[in-house]
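Quick one: structure below, then a few questions.
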Amino acid sequence: MKMLIYFRDLMSDKRFSFGFTVIIILTVLALISVMSPYSPVRWNVVPEEKPPSLKYLMGTTSLGQDLFWIVCFSIKNSLIFALTTAFLSRVLAIVAGMISGFEGGIVDRSIMILSDSLISLPRVPVLILVGAIFREGLNLYILALVMASLSWAWDARVIRSQILSLRERDFTLTAILSGSKSLSVVFKEYFPHILPIVFASTLNNMLWAIGIETTLSILGLTNPLIPTLGTTLHWALSYQALFLGVWWWVFFPVTVLILLFISVYLLSVSISEYLDPRMRIQRIGQAR
Amino acid sequence: MPLLEVRNLTKIFTIGNVFSRKKVIAVDNISFDVEESEIFTIAGESGCGKTTTAKIILGFEEATSGEIVYKGKRIDHIHHRERRELLKEMQAVFQNPFSTFNPLRKVDRYFYETLYNLGIADTKEKADEIIKEKLAAVGISFEEFVEKYPNEFSGGQLQRISIARALLTNPSILIADEPVSMVDASLRMSIVNLFKDLKDKYGVSVVYITHDLTTAYYISDRIAIMFRGSIVEIGPAEKVLMEPRHPYTQLLKESVPEPDPNRKWNTRINLSETEQSEYLRQGCKFSGRCPKAMEICKRESPPYFDVGGVKVKCFLYKD
Amino acid sequence: MMSVEVLRTENLKSYYILDIFGKKKVIKAVEDVSISIKENEIYGIAGESGCGKSTLLKAMFAAVEPPQRIIGGKVIYRDNGKEYDVYHISEEERKKFRWHFISYVPQGSMSVLNPVMKIKEIFKDFIETHTKGKTKEEIYEIAESHIRDLGLPSGILDAYPHQLSGGMRQRITIALATVLSPKVVIADEPTTALDVVTQRGVIQLLKDIQALKRNTIIIVTHDMGVHANMADRIAIMYAGRIIEEASTEEIFENPLHPYTRYLIYSIPKFGDKKKRESAPGAPPSLSNPPSGCSFHPRCPFAFEKCREEVPPLKEYKVGHKVACWRVEEGENATA
Amino acid sequence: MVKYFLTRFLQFLIVVFLSVTLVFIIVRMMPSDPVEKTIAQITSTGTFLDPSDVEKMIKSLREMYGLEGSILSQYFQTWRRLITLNFGPSLSFFPTPVSSIIKESVFWTVGLLGVVILVSWTIGNILGVIAGYYSKKLPTAMKLLDLIFMIIRPIPYYILAFIFLVLFSYLIPAFPSQGAYSVGMMPGFNLSFIIDVLKHATLPALSMILLQTTMWFQSMKIISTGVTNEDFVIYAKYGGISNHKIIFRYVFRNALLPQVTSLSLSLGRIFGGALITEIVFSYPGLGGTLYSAIMSSDYNLIIGIVLFSIVAVSLGTLVLDFIYPLFDPRIRYS
């Protein structure tokens, strides 16, 4: 019931409704990939280099694959990859940020030194190094783990500073006076305040993950047999698709990527604005 | 035996990082007792150490040195479990009722948590019964209280609710840190009176921490005046506030604007511009501004002198 | 009385109109306020938080920004014998009154001075805006002599705000507001959040300025002690309306409105421990004020008429106005 | 002040220490032996090698990779190479030392990145402060700009660079598609060469400037919306101070502080973006060089560029942190 009200409020934001609609469409495409008549790793299952038509919605590739189904698989893999990365790095960020903020002292300082280093570390060369070292051995889950361990630092910092300021608020003391234990203070008192940051940063982390995965894949630094939007473009570019006039092989993945980026970004912007505690407090007062 | 004893309490905060550390003495060797069924006031300006003292008593801050004794037993450095047990005896009310409760949580949650966590009630019925009773004591009805977020109440209502929460455990002592300074003028006295009732009807002791000397005069039995971490004067409120001995207490009392147009100020004052240097000052911390400062005040920190039942930390009363 | 009017409001109404996710909310912060403020007086406005007193000040200062709006009424400035209806002149003309004719001292807050500018640069920006053709040196000279006149250390002009104590910042803000000797100074809770000793210093400064420049100060605070010490006349505000107005002595000696009586009699005094009572209940919400007299739900004397009709602010005694049906009835009974 | 500098410098040392260690660990995790891989690569090209020569080559390669000796001595070896800037010879451009290849390419990257950061940071912040100050009633042109920026903002560097390449180099052949200057052109300080260089730099620079401008614009807009609601800005408005003075002396100067911090924190990301963009346009900076090193499995060069990048970016961050007190009197006078 409450969720419905939130959703209705959010849908009145044009940015949200656009982003949400696009994401739903992309999710549907990802889901129907299970109905694909072809395996994504098999080549020469359809005639080569056919332009988009009713039969082949997005045309076919020089490898003899139906681009529509490849794109569906790619969306699925890219989304799963992004979610995995975002989830792992969020877990790291929340745990690190909360421990750091709540424990203080030497634990806090060590975590902060580590996260400060990670923040100023140029991640792209490091990831390219990882890609160059592992090459085809780099499956999406390992990449997700590596990327997650490189991308938790900023949000851990934000969460930590939130916790530090929440700790100074009197309601922390009230909770302790009410006999609550530390863990329950963190979850009941602080979590609602931290949630919006976590939410928005999850979406931003997904964006970053897809962006990096695409880049590494295009450069041929991941396993090219796993269909993602990046590897699809990798194949297209290595087959000189644009020179040979097979423009659709490039056009559709790029369009889907851009739609994905814009919609996720719009969702993150509108949701973080909506979940901002000050706005939430205003709405609570207004409910009566 | 006093209910609560604070003995030689000192708190030094270290600020800064590895490269430069600064020490600020927030509380400087203070001692006082709170008797059973007594309202004891700690009064002073911001930065005098009164809130730090309260936090140390409640166990939210650790003292640098000194002891806190409750009912003859030391309560600084006690285990978590004992600290939780102690919550049944000692509770607190804070300055800003809107920050006392999490704005994103319903207020009644704190009430049930207090009762369940501390093992005072085990069923919803029992809990509701206790909550109703305590709310009635502060003049709030159960119906207008349940299932509401903090900002659905007015400040005055919420401060009453905060007091009701503190009363759930039937505490013997209540630490109230500036409980009325954020409450509207037209409602302030109703809350002050509430503390008086708690003492008179239920025998609860209150440590009333305030910057407002008139309400302190109105409700307290005894009072300690703090300045830059030290208690400069301590004794029965009637004596301390009607005939202040310490020059700082005199300045403080004189500076209270009285609601009487026939008693406007006719003397002028000088303000200190350098709070930092007052903290670090040798000897009496007030000597830089004191109109009666003597040579000795700048060198030595004065001890307490007994002047007719009032202890004054000032060399003027040496003989 | 020989005193000349310098500013008045006529049936001023100012609301906040909020729009939160498509839901409209109207806060009636100032309702039908008509006050007349004289030259060379300190006029106090008393009331608790949320009674609309700050909104009234902003409307008088003609600094209304959305969501605040002027719904009706007038604000008249009287400068050099001419009257100006400030909401019927252009924004540019309105701005010309600032600092020359009317200026503003905000709440005793820490943050009205730009943290990255030196105090003298801040003074320069404000002075430069309202004077023409002055060199930098001349402007600094104006600032410095003003600071000296007020008995503040002139070295302070070279400091950054973060280097000053809270009390000093508040006094610098007052100096900044009065640097061009405005005829009217509006001070919104200038001593709230300051310690009592500092508060006394700030009040001392405001009184010094008034004595020096012989201008008008309109001071808003909830602290009746501050009013007793400063104001010549006091208006009591409740739920967006002025409910009583009289000279300070009269208000304290002979308060007529039940709310004013609570306000004054509930303040404890040294040497007097008799029981003090607050008004029952809580202040009303301005988005949904009660019918009739807005104090009636809390008033022990309320009767039928109080619930139905808004009492007018009427002068029952020379210089003493009250908006209360009980006073009206009493007046009728004795007449 | 001194305290501030010391803290930052310590931070710099820690970052370099941790990241060099990280790189060392990653390289150690290489699934296949890089020496065998290299040998295999050389033999696969059809070159005939005498078995005894292969033996010699393996030994020298192992030394070069620092694979001789214990893990600890290998680790110290990595540090020695970094401090002496001697990363050994490049394999694909044998026997040119890696350090001289880096020296050549770093010029292009620094030039490109410098211009991009300066232009985008300035434009983004100025537009952002105006949008933030007037956020309550944004002019239509600003609203449109805001919308366009919001759409461009999330696009990754590679994709935007690629779109620019396709649009302005293939479909509309207005700009060259690769390199820093035309093949056959003699580098020198003359007009035609400079024009040629500028032409080649236009697309990479533009695509980066566009992305980064949106980034600075958006964060500046949010920060200055906040600053606009601060008491000192409201008070300046009350004082009748003109809008442009308020925008630049009050809002901008305060909102700039977090943006300077943000620049120093984003340097790593921006640098990464530059690498990627250079790869797309085969620009001979560090990115382009890194790409060809990847393509030819020139591990020495890859490791050299990565280590160098980390130190260079940390150094850049350090310099920015050292400049920061110029903007903030609260640090200058503490």
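Every chain is named by a letter (A, B, C and D) in the order it is written, and numbering of its residues begins at 1.
What we mean here is this: contacts are C-beta pairs under 8 Å (C-beta built on N, C-alpha and C of every residue); 3 or more make two chains touch, one makes a residue touch a chain.
Quick caveat: nothing in here was measured; it's all calculated off a predicted structure.
Engineer: With contacts counted as defined, which of the two, A-B or A-D, has more C-beta pairs across the interface?
Structural biologist: When A-D is set beside A-B, the one with more contacts is A-D.
Engineer: Taking mean CA positions as centres, which chain lies farthest from subunit A?
Structural biologist: C
Engineer: In whole angstrom, how far does the Cα centroid of subunit A sit from the Cα centroid of subunit C?
Structural biologist: Each chain's C-alpha centroid was found; their separation is 53 Å.
Engineer: What is the distance, in whole Å, between the centres of subunit A and subunit B, each centre taken as the mean of its C-alpha atoms?
Structural biologist: The answer is 50 Å.
Engineer: Find the geometric centre of each of subunit A and subunit D from their Cα atoms only, then give the gap between the two centres in Å, rounded to an integer.
Structural biologist: 23
Engineer: Give, as an integer number of Å, the spacing between the C-alpha centres of subunit D and subunit B.
Structural biologist: Spacing between the chain centres: roughly 55 Å.
Engineer: In their complex, what parts of subunit D are in touch with subunit A?
Structural biologist: Contact set of subunit D toward subunit A: 11, 14-15, 18-19, 22-23, 26-27, 29-31, 150-151, 153-159, 162-163, 166, 170, 264-265, 267-269, 271-273, 275-276, 279, 290-291, 294, 297, 299, 302-303, 305-306, 309-310, 313-314, 317.
Engineer: Considering only the defined contacts, which subunit A positions touch subunit D in the complex?
Structural biologist: Listed in rising order, the residues of subunit A that touch subunit D are 15, 113-114, 116-117, 119-126, 128-134, 137, 207, 210-212, 214-215, 218-221, 242, 250, 254, 257-258, 261-262, 264-266, 269.
Engineer: Applying the document's contact rule, which stretches of subunit C touch subunit D when the two form their complex?
Structural biologist: Checking each residue of subunit C against subunit D gives 61, 63, 66, 95-96, 98-99, 103-104, 106, 109, 111-117, 125-126, 129-130, 160, 162-163.
Engineer: Tell me, which parts of subunit A touch subunit B in their complex?
Structural biologist: Within the complex, subunit A contacts subunit B at residues 169-171, 173-180, 188-189, 192-193, 277, 280-281, 284-285, 288.
Engineer: Considering the complex alone, what residue numbers of subunit B touch subunit C?
Structural biologist: 45-46, 154-157, 184-193, 211, 213-215, 217-218, 241-242, 251-253, 255-265, 268-269, 271, 273-275
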